[in-house]
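Both complexes shown next keep subunit A, but they swap its partner, so subunit B is in the first and subunit C is in the second.
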Partner chain A sequence: MNPAFQGLLTIIIGVGGCVGYFYFSNQILDKVLFPPRGKNAGRNINRANAIRPWLFMGPAILALGLYLAYPVVETLRLSLTDRDQGGAFVGGANYAQMFQDDKFWEAVRNNFLWLLIVPAASTAFGLLAAQLTDRIRWGNIAKSLIFMPMAISFVGAAVIFKLIYDARPEDVQQIGILNAVYLQLGGESPVTWLTVPFWNNLFLMVVLIWIQTGFAMVILSAALRGIPEETVEAAIVDGANPFQIFFKIKMPQISGTIVVVWTTITIVVLKVFDIVFAMTNGQWETQVLANYMYDKMFRANDWGVGSASAMIIMLMVTPILVWNVYNARKEMR
Partner chain B sequence: MDNIAGKKSGLTWAVHISVAALVLLWIFPTLGLLISSFRTTDQIRTSGWWAALFPAVQNETLRTADPDDFRVGRDGYFVLEGNLYVVDGAVETPDDVVADVSVWGTSSREIDAYLPGETADLGDGETMTVQSNGDYIWTGNDEQLSGRGQRVFVTAESPPEFTLRNYQSVLFDPGNREGMSKAFFNTLTVTIPATIIPILIAAFAAYALAWMDFPGRALLVAAVVALLVVPLQLALIPLLSLHNDIGIGKGYLGVWLAHTGFGLPLAIYLLRNYMVGLPRDIIESAKVDGATDFQIFTKIVLPLSFPALASFAIFQFLWTWNDLLVAMVFLIDSSGETTVMTRQIVELLGTRGGDWEILATSAFVSIAVPLIVFFSMQRYLVRGLLAGSVK
Partner chain C sequence: MAEVSVKNLRKNYGAMEVIHGIDVDIADGEFVVLVGPSGCGKSTLLRMIAGLEEVTSGDILIGDRRVNHLSPNERDIAMVFQSYALYPHKTVEANMGFSLKLRKMDKAEIKKRVAEAAEILGLTPYLDRFPRALSGGQRQRVAMGRAIVRDPQVFLFDEPLSNLDAKLRVQMRTEIRELHLRLQTTTVYVTHDQIEAMTMADKIVVLNGGNVEQVGSPLALYDRPKNRFVASFIGSPSMNLIDGTVREISGGQATLVLGDLTVTTPTRPGLTEGQKITLGVRPEHLSLSNAGLPVKVRVVEPTGSEIHVVFQFQAQEITAIFRDRHPLSPGDTVHLALDMGQLHLFDGATGNRME
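Take a look at the complex of A and B:
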């Protein structure tokens, strides 16, 4: 069967099933179970209205529970059991084994590096871009171009940057721009950038910074526009220079937004997988937790240690989770 | 506010220049890949993509046609005429030649001995003339014009040259087992339901959370906010075993369900925030007129929420199209029949690491669709981002 046709058919079945559920479940509720007529019309309407929210939310609750809440519990259980012993409870043995693995500590160290550098650099570049583009007429085009990497997949970005970092033997023309520039500036021989321990982490981070800067810029630019003009004007009247206006007047007023941007990028960083997987696969000391976990689960088939490392990622996300829920509840009141 | 006192005009220039530098820095990487995908294998191997924009000077060793087959007798000596590039097979007819010969020679020690149009004396009356487009006339006696064709060393400048051949072989060549056409359709098959299903489910749930009264509503909203940041890495093993246990295994159904589950928190969150802001009067007057919740939802709330639906649709589309991890775990089995583009590219990175014409083209095929969506619907994307993170 033609793949296009096959795809179309599966699409129709998948989406059709979903539309069908909502339409028919409401029909059944209103027409068959509790029809708003006969001698119980009033009571039936009330009953139907009590059930309907759950009908509306049913699939969502089911999907959320099954695909996000249940796995948290199940992963915790898996991390405390051993699959080879038929799922016997082994307590902290998986964690102990993981803590003895050098690769794990390498991943933790690199993850912390990523956490330190990527959100800071993305937010800083984003703030710079937002502040600069807001002042010029072609700013929207500039923004749009800086924002563009957001649409590019991590894998696509990995290919893009592999071309940049490409190294060829010394006697032929370099086709990776980084080596070409490096040799122009007096470098002795081409460097295979992705295999230089420690620094290669930075070369991988550049990819994510490149992608996330646009996001930071868009949000911070909206926040900058929301600053009341009187505050800036008052500062100008008082003789503040542009740098003072930016750091002393504008920055404090958008600090809340900066925190939001920072935490959002932090979450992205904690889950970063594709970039490392596609570019180095954790070799040359570039391992990160998400890729370590994938390695353990699907290459080594060690579900215990894999789940344990997934729980470490969960643990690192938890403060942000609690903070978000706290803020959301405060807002609802 | 920027035109009032305290502003230095010198600084405006600095702003323009730094923005230009920033933009260039940001589009430069993508531009490199785009240009590389239009170059031939030889071009990519011999020069960096940035050189493609300028005319390239190349030294080539070409050969005339075989004298034994093509020479023409004329008054006791022989003449062989033709075009070096046609003989080489680079072009079909002399009119197609794009190269511009600047110097040439017949000995490897003196490749720049003659200018185009000059006649080289090869001794004993044997002569050779080469024009700037590669046309040559070779004359000599029976003995001189025999055996293999004469070697000619040319230095030619060719204008920037781009080809669509890479795209043709990656997309439309059915014999190419590494082609992207199948992966492209597989990606589409994953993406479209994985975008529409969560929107449908989330829209109903968001309506209930925004406009229906029932016990536990606040708790559910908090739960959605909490699940927003749960890393999907946790879900891989538990759900894969679940899928295997209930018989879904690896396949489209599994990957749709997974994407639906992972996309729902953001969808519900975005849509609920938007729907809460809809005017209460409209919904209440519809209720007074006897409309059911289902009717209010489909006839009033859904059309009014179009901007929020569109922004989530773009997010989910970009996310599912660009996803690698979920597809690898829930979809792609050992047969590789259902591989998606991101997976195919990672595989090519492994097997064809140095073949940039294939890599660049394949990557660009997968990047092109999100870029089109991005540039055509940027307004909604920005609106969604702002609704999702700034309050």
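Take a look at the complex of A and C:
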């Protein structure tokens, strides 16, 4: 069968199955199990209403339990066993081994660098773009352009930037725009940017900042629009200059949204894998935890250390996730 | 403190002119109310005085300074907004002190000024609170406090009471008035509520469609409205306006025909036979009698202290106010006498007052 038809069929079966499930399960509940008739009509309605939320939530709870909760437990178990010994329990040996690996500490250091720079830069650029595009006629076009990278997959973006950072031998014409500009500005010879230790981390981060700025801009732009215009006018009358209005009147009023954007990007950053995998694969001191995990798990076939690093990532993400959800809910109220 | 004067002021939005050459003079220490229906340009005028809207042409003077091109801050004015526009992330104290802080005033001095203003407004116990923890009336006071601490030359109020409930509105009306008596600062106050205008103003400026209709003290406007618009806008319930024609002028008396009815009144200069006119009479200048306007009762609205009665007279409505509790009920037919000394005559074509 043509793959297109297979896809279509999958969609029809999937969506139809969902609709059918909700329709028929509710029918059974209302018509067969607890019909709102007869002696116990009132009690039956109450019972049906008590059960109904579980009908709606049930499939999601099952799916999330199977694909999220169970893997956490299984990963924890694997991180305490050793494959070479046939899956025997080894306690914290995998963790001890990992903590002695320089590559692991390099990944931790790089993750912290990403953590410090990417959310801050994305939020700052996003806020700047939101403020600058707020009142101009072509603001919406500018916003669309800035938002567009959000639609590109991380791997796609990585490929684009790999071309930007590309280096060709000195006597050949450069196809990487960065080297072309560099040579034009008087650079001696083309630089293989992605192999320059430490700085190559920043070159990788640029990709994620490029993608996430659009996200930050859209959310913050909506928040800026929500600020009552009169508070800004009151500040003008009070004698505030544009910078004071921005930093002392506008920013404090959207601080909740800024925190939500910041933490959301932070979580994306902690999970960053595709960009590093596609551009350097962790070479030249650009390793990050997610790529380290992949290396151990699927290249070195060492499920113990791989799972242990996965647990570390989860431990780092969880508190930020909790804070993020807490702030997002506060914003909604 | 200073006088404010607006000279031949115009405002365009694109090709549309919304204010058509307005002149207003406000004396030092005066409480002036700009009043008019929605879209009459009163808020635009206030915002131009504040410096929040550009002046298209004409001049605005505060004191002796032409302020057209000065920023709001340089005009030495303070403004109270309809929604109060309090900074939600600042405490009451910080809200009130923000403008002083921006001026880099000494911290102790700021604290002193804020404390004084809070004392005047009864806000002392709330200085550490955030606006979200205050009631509507308290927020309103904070907004005023923010204006007071600056000790400006002019206060500008943009419909400050319209977000409050009816009872609080009456109370705040009195408080703002008292505050003005105490501070004697020149005040420009915008409202669409003519009762607010009547009760608060030293001088009312009635605006309509971007033009000044009349300027004067509340009672002058009430007693001698310059045209039909002011007559119908000022006063609640509004003045009854009955269209008619002049049949005959003789011996200093004019005979007016109002549908089936004729009324004789002393003539006025400019009145000619056959002219179309509008006769105006305030609801309180009508009384029940055996002869006069034959009318049918439509609705009776007791307010307690008086009753408002809506009558049908020929094709139009007539409202009367009685202090006595006449036993009227819908459908009754009665006669109304006009208080002949209190009639207003307006030219039918121009709508201008004739006297």
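Keep in mind that, in the parts below, the second predicted complex is superposed on the first by the 265 of 333 C-alpha atoms of A that agree within 3 Å, B and C clash if a C-alpha of one lies under 4 Å from a C-alpha of the other, contacts with A are read in each partner's own complex, and residues count from 1 in each chain.
Please note the rule applied: a contact is a pair of C-beta atoms (placed from the backbone, for glycine too) under 8 Å apart; a residue touches a chain by one contact, two chains touch by 3 or more.
None of the values given here were measured: they were computed from a predicted structure.
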| item | value |
| --- | --- |
| First, second, both or neither for A:244, with subunit B first and subunit C second | second |
| Subunit B versus subunit C as contact partner of A:255, first or second or both or neither | second |
| Subunit B versus subunit C as contact partner of A:116, first or second or both or neither | neither |
| Subunit B versus subunit C as contact partner of A:293, first or second or both or neither | first |
| Partner chain(s) touched by A:321 [first = subunit B, second = subunit C, both, neither] | first |
| First (subunit B), second (subunit C), both or neither touched by A:236 | both |
| First, second, both or neither for A:28, with subunit B first and subunit C second | neither |
| Subunit C versus subunit B, contacts on subunit A by residue | B |
| Where subunit A meets both subunit C and subunit B, residue numbers | 233, 236-237, 239-240 |
| Residue ranges of subunit C in contact with subunit A within the complex | 50-52, 71-73, 77-79, 81-90, 98-99, 102-103, 146, 150 |
| Subunit B-touching residues of subunit A, taken from the complex the two chains share | 3-4, 6-7, 10-11, 14-15, 18-19, 22, 26, 30, 49-50, 52-54, 56-57, 59-61, 63-64, 66-72, 74-75, 78, 125, 128-129, 132-133, 135-136, 139, 142, 144-164, 166, 172-177, 180, 210, 213-215, 218-219, 222-223, 229, 232-233, 236-237, 239-242, 257, 260-261, 264, 267, 270-271, 273-274, 277-278, 290, 293-294, 297-298, 303, 306-307, 310-311, 313-314, 317, 320-321, 324-325, 328-329, 331-332 |
| Partner subunit A, residues of subunit B touching it in the complex | 1-2, 4-8, 11-12, 15-16, 18-20, 22-23, 26-30, 32-33, 36, 44-50, 181-182, 185-186, 188-189, 192-193, 196-197, 200-202, 204-205, 207-209, 212, 214, 218, 220-239, 242, 252-253, 256-258, 260-262, 264-265, 268, 292-294, 297, 318, 321-325, 328-329, 342, 345-346, 349, 356, 359-360, 363, 366-367, 370-371, 373-375, 378, 381-382, 385-386, 389-391 |
| Subunit A - residues contacting subunit C, complex | 228, 230-231, 233-240, 244, 249, 252-253, 255 |
